[in-house]
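Okay, so chain A shows up in both of these, paired with chain B first and chain C after.
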Partner chain A sequence: MSISEQHTVLNPILETLRQKGNSSFAKQGLPTSKNESFKYTKFRELNLDNFVFAKQEHKCCCNEHKLGFDAYEIVFCNGKLCHNHCSGLDKIEVLPLIDAIKDKTSQKYLNKSFDMDNFPFAALNNAYLEQGLFIRVAKDYVSDKPLALVYHLVANEKYFCNIHNVVVLENNAQLDLVEYYYHAGDIKAEYFNNVVNEFFISKNATLNHYKVQNDAFKAFHIALNVANVKQNGRYDSFCLQKGALLARNETVVKLLEEKAQTEVNGAYVINGWATADTSTYIEHLHSETYSNQLVKGVVGDYAKGVFQGKIYIAPDTAKINGYQLHKALLLSDDAVVNVKPELEIFADDVKCSHGSTCGEIDKEQMFYLRSRGISEQNAKQILITAFINELFNKISNPNIISWLKSF
Partner chain B sequence: MLKKPDITDSSGDKYKYGFITDIKSESLPKGLNEDIIKLISRKKLEPEWLLGKRLEAFEFWKKMSEPTWAKLCYDKIDYQDLYYYSAPIQKAKPKSLDEVDPKLLQTYEKLGIPLKEQEILSGVVAVDAVFDSVSVATTYRAKLKEQGIIFCSISEAVQEYPELVQKYLGSVVPYTDNFFACLNSAVFTDGSFVYIPKGVKCPMELSTYFRINAKNTGQFERTLIIADEDSYVSYLEGCTAPQRDENQLHAAIVEIVVLKNAEVKYSTVQNWYPGDKDGKGGVYNFVTKRAACRGENAKISWTQVETGSAITWKYPSCILQGDNSSGEFYSVAITNNRQQADTGTKMIHIGKNTKSKIISKGISAGHSNQTYRGLVKIMPKADNARNYSQCDSLLIGKTCGSHTIPYIENSNKNAILEHEATTSKISDDQLFYCRQRGIDETDAIGLIVNGFCKQVLQHLPLEFAIEASKLINISLEGSVG
Partner chain C sequence: MDKTPLLEIEDLCAQVDNKEIIKNFNLTINKGEIHAIMGPNGAGKSTLSYVLCGKDGYEVTSGNIRFKGQNLLDMNVEQRARAGLFLIMQHPVEIPGVSATTFLKHAVNDIRKANNLPEIETMDFIKDIKNISRNLNLDNDMLKRSLNVSFSGGEKKRMEALQMSVLKPCLSILDEADSGLDIDALKTVAKQINSLKDEHKSMLVITHFQRLLNYIEPDFVHIFANGRIVKSGDKNLAIELEQNGYSQYIKENA
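What follows is the complex of A and B.
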């Protein structure tokens, strides 16, 4: 694999982590459809040998703000940390992950929330561990502005962007975290984003995580988000998947203590030959926990939408509510939607439900608009927008809503 | 008002079909190899082509491995430690019921299945009784024959109607389908065969009653139902087994072919011995059931009540090939003690305007685990396909588990698919409502559970529905409190 050429370093801790990742990935290989959690997502087109790491840092355009709203911005360019507008904040500690590994700050957290033997891409991520951040929000601190991680690609090489972030919220802290992936060069660029985010949400802390993935249409994007939520903590996420040839956003939420809550919402709006996979796994590991999921998809052309959602309720728990809803609109004859909403329940005092619907745009709604003189194209657009907009009702920050609507 | 199940005297032993019939039977030696298959085939005087098919399936089976994807946990089955053929010894082939061993008749009488035609309530049900590996009697054959309906055991059908059997056997479930179907294709011993000719509405319910009696014997039966154009049949299946400490294996195949404008209604009340409260004994039930709607407007409806078996692995499916064809699946599955069930359905929409409906109700109690696993697949050509699925689960007690795993694959934009599932326990409000009206707790739970299952039970033929509703109460006995 040519991506193994990189790196000069080394530090023994980092070296061990990489070796572990390497051997775990070698054992698992790229997942096939025999792997139940990748049943509907095929990796035939992904050839790891094609990708290389960006050699040097690209410093061209990173001083301007990428987002339309006020935020603490950190920019990654071609998969490398490029500009950090946040150094010097006193309540939010932002370190390159590699430094946090070296001085052992991250030791308590890194790779502690999942077993990489079950996540092939997370193993791959560890095998090439270097880029990424360690973010810690201090106790009782409520961030005044969102913290935005902007990942952009400016070159046309087949870059491998391997990023691992660890975000820790101490007791009572609050943070809005924005992740924005996009491409600024040739739209035909092929690259591979492989991201792992680990979130540790302490007592009474709240993390709102917003992600927009708008990668180039031949790119690959694989992301794993693991959130560990403690007592009365809250992890809310919204992920919009719009680009890439093959995108997978997997969210694992572990509700570890009572009154831990989570809302995992998302949307995928895809066309062309794209595949967008939204996978969720909510583990209710303690009594009195709550989860809710709402995922909507709009699929056109030859695209394929995948939703796999699982709610797990551990034995000996009680008073748990877990809900899940998935709705998809198919716009073309060749579009495909595959859905697998799962419930795995080992306790009786629970209320769980899931629902899934799938269909084309309602003909009556269409007729209503058309009969009022709206063109077919516009009517369709209005209905799709309305379909997706429902998701934004749950977001409290108006800046972020209008930013999300701009896609 | 529901009657309280009269099981109080049975000292916790609720399986009333657990008796053993003491009857001489002959078995082929234990184990599975080509010679055994040849012997089975010879015993049944089968033609060469069928033996060829069996051996082909066996060759294939040897290369297969047992599936592990189901959420089931059981000791590995030793396929060489089983008898593959066991039949009660009868002098010659009985020509009429009078010649059937009275012990066998008694067994069925005890099970509530009278085989003497005059005893059957005004002739509403015709029965094929399968005992271990062979069919012992089929009632009302002559009467059905008048209308051209063929209802007999599959061994007889092989002799008498080879062209029909050869045309359809294995056409819905090929031996390559799955591990257990392949095993069945190699060693199946008996089962029922039904052919309803063009334009005939079958005047009575047809039914097969399966009984496993012998020890360490696998029952591998095969049912083939063919409904020709414009015909209708309602078919019932019942099953019980004696109470033994070892596990018994049951791996069956049911194939149904529904042609243009025909309708088949298939109802099952599965009450194999579920094992005792610690999970000892019980039947391993690995069944492949599939119906193919081959013509336009064909209709198939599966209704099942699953209360027995230690392990249930069963996914009655519908292949909706013909335009406008429809498939329905109604299921109640109840697991108690250490029972495990992984059951559901598959709806494959191929033709245009095809419709399917899934109503699945699962109730788990005790230490049992239950999984609904279903597939709804819409092929690109299935314009205007419509599916509605509802899977509800009820949990009784803290130690049971209930899982829902639906797969929904849609490749057609005109299709409308809806799926909903809920899981909860019996609500305190409902229970309180019943209790304050003077209904004791057991009855109240029976009432609520029956109400929960009503949507499914109402699709059963009347006699079955009453039986099933009683069975539900009995199965849950002892799970509360």
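What follows is the complex of A and C.
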């Protein structure tokens, strides 16, 4: 993998960003278990030298709707932007990131929500910065349908898909953002999605972020989502992790002003030798902020689920609610779940809780269903589906619920 | 009445956690008959119902059970249900996230599939369960809610009776079907269960009290103590028990 294989039209701003990313990643390297935030997720099998960028001239045939519901759709193929059905929208500005960074506005946001020296994969992402979007929803605009980013993988080569999106919601704006990662080529394709999403949610704005990661079973998928939420703003997310050999969905939410709120929910349903890591860091940086997390996992075969959830409550704040709950079902004796909940509370007037449960499918429930004639396999499936479906109660868009249920 | 045996239990011994609970138990139920088993707490009544359904942990150590002439012990839990065995449970388990409608449709279709029948028409199915729930005074809302979750004792039993009505088993075992029911709910449930009676369908009613038997009238009453039947008779035996209690039977067999 080398920079020279990339987009040739470079500009000085991009060049500077890449150099910074490059030196930061060189300093950090791939994380090991000594890195506390990667304690349970091993990167032994990730060899960066194996990956290449897809050629720009790749003929893409994926201009078809994959979602099954009406949305403004943008398609990436093998990590390259290939169809932007949103270029002419009036109230939602959608620009390729590489074009947007020429402009001062986007520079106000890009990489401003995290310190890449603490996020090795975000540093790597910057070292190869090119693909991704700058999306801005105009003040007071409530989008009539979801904006969907479809990441399509078709080829069988070891592609490196390096995406960086910046999404800005101006005051009072509302958007449902869908991310869908899937593969349509060889099921053994070994590619690497490395994604950074930065969300800037202004006063009274709401972003609902739905993600489905259904990558090929030998793929790697690392995503960092950072949301900055201002007064009375809201970032709600739901992430379903199903595929990949190693998947990590990390969500950092900074509740910056009063009445900023977030719900960070998710599910992982994995088997084989897969690892699915859900890491969250909710920062209550102001009084009267609210967060809630519910993450559920279903782990079969030799798979491993990881949940690391941290809630931070800054000093001199008050009237804060922060809740976190993780529940996992283990379907085999060799399935593993590692859980690390953390609360860092530096204030008094705070309601916080965390909990985690881990168990097998309830034997009494299995007996009950089977005693009515339901096969063992169906009974198991009914109970797993019910376990996951609880998560959909909080989603208001019925199209998105049925889409999520289809996996 | 047709004297074809439906369920034949011979010298059954069964244990739970290595403790023998059922000891040389014998009982034959013919088609169309209603049998009541009455016994004190701890006699092994619920164990008997679980053994018949094939629940894990209820181990048959000796004896035979034939159901419709087939060896019941060769069948797993769902095969027994598909053959026509149904248990109204004393304490139906809560299943969050699964509605009665969804779950019953799975049950009906799995049973139909095992009998090489096509899947049921959804409209027919919905109409059927709505009719039955009306007879049972069960709100339509109850069919959509998570099964048994925060249902009252009466609602749970009515939900069991609903399932029995949909699945139309040839042998229903009612394990303390009256527990948790007030008198009105008891009448409603009993009326529904009675409506399912015909010359091919049999019932095994397990109870402490004679009360339920006022509504579901048995052909035979058996007193069950210390793991076996110690006395059999007609419905008058239940009335006698109500007056004198179980103590004489427990002593005799201690």
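A few comments on the model shown:
We take it that the second predicted complex is superposed on the first by the 397 of 407 C-alpha atoms of A that agree within 3 Å, B and C clash if a C-alpha of one lies under 4 Å from a C-alpha of the other, contacts with A are read in each partner's own complex, and residues count from 1 in each chain.
By definition in this document, contacts are C-beta pairs under 8 Å (C-beta built on N, C-alpha and C of every residue); 3 or more make two chains touch, one makes a residue touch a chain.
Since the structure is predicted, the reported quantities are computational estimates derived from the model, not experimental observations.
When both complexes are superposed on chain A, chain B and chain C end up sitting side by side without clashing. Look at A:Arg370: by the touch rule set out above, it reaches chain C but stays clear of chain B.
Of the two partner chains placed around the shared chain by superposition, neither chain B nor chain C is touched by A:Pro12.
In the superposition on chain A, A:Asn389 makes contact with chain C only, while chain B stays out of contact range. Looking at the superposed arrangement, the partner reaching more residues of chain A, out of chain B and chain C, is B.
Of all C-alpha pairs linking chain B and chain C after the chain A fit, the shortest spans 15 Å. Residue overlap on chain A between the chain B contacts of one complex and the chain C contacts of the other is empty. Those residues of chain A that touch chain B in the complex are listed here as 36, 40, 315-316, 318, 328, 330-360. Note for the complex: chain C touches chain A at residues 53, 55-56, 76-78, 80-82, 86-87, 89, 92-93, 95-98, 102-104, 106-108, 110-111, 114, 146, 163, 167. Taken in their complex, chain B has these residues touching chain A: 69, 380, 393, 395-425. Within the complex formed with chain C, the residues of chain A that make contact are 362-365, 367-376, 378-379, 382-383, 385-387, 389-390.
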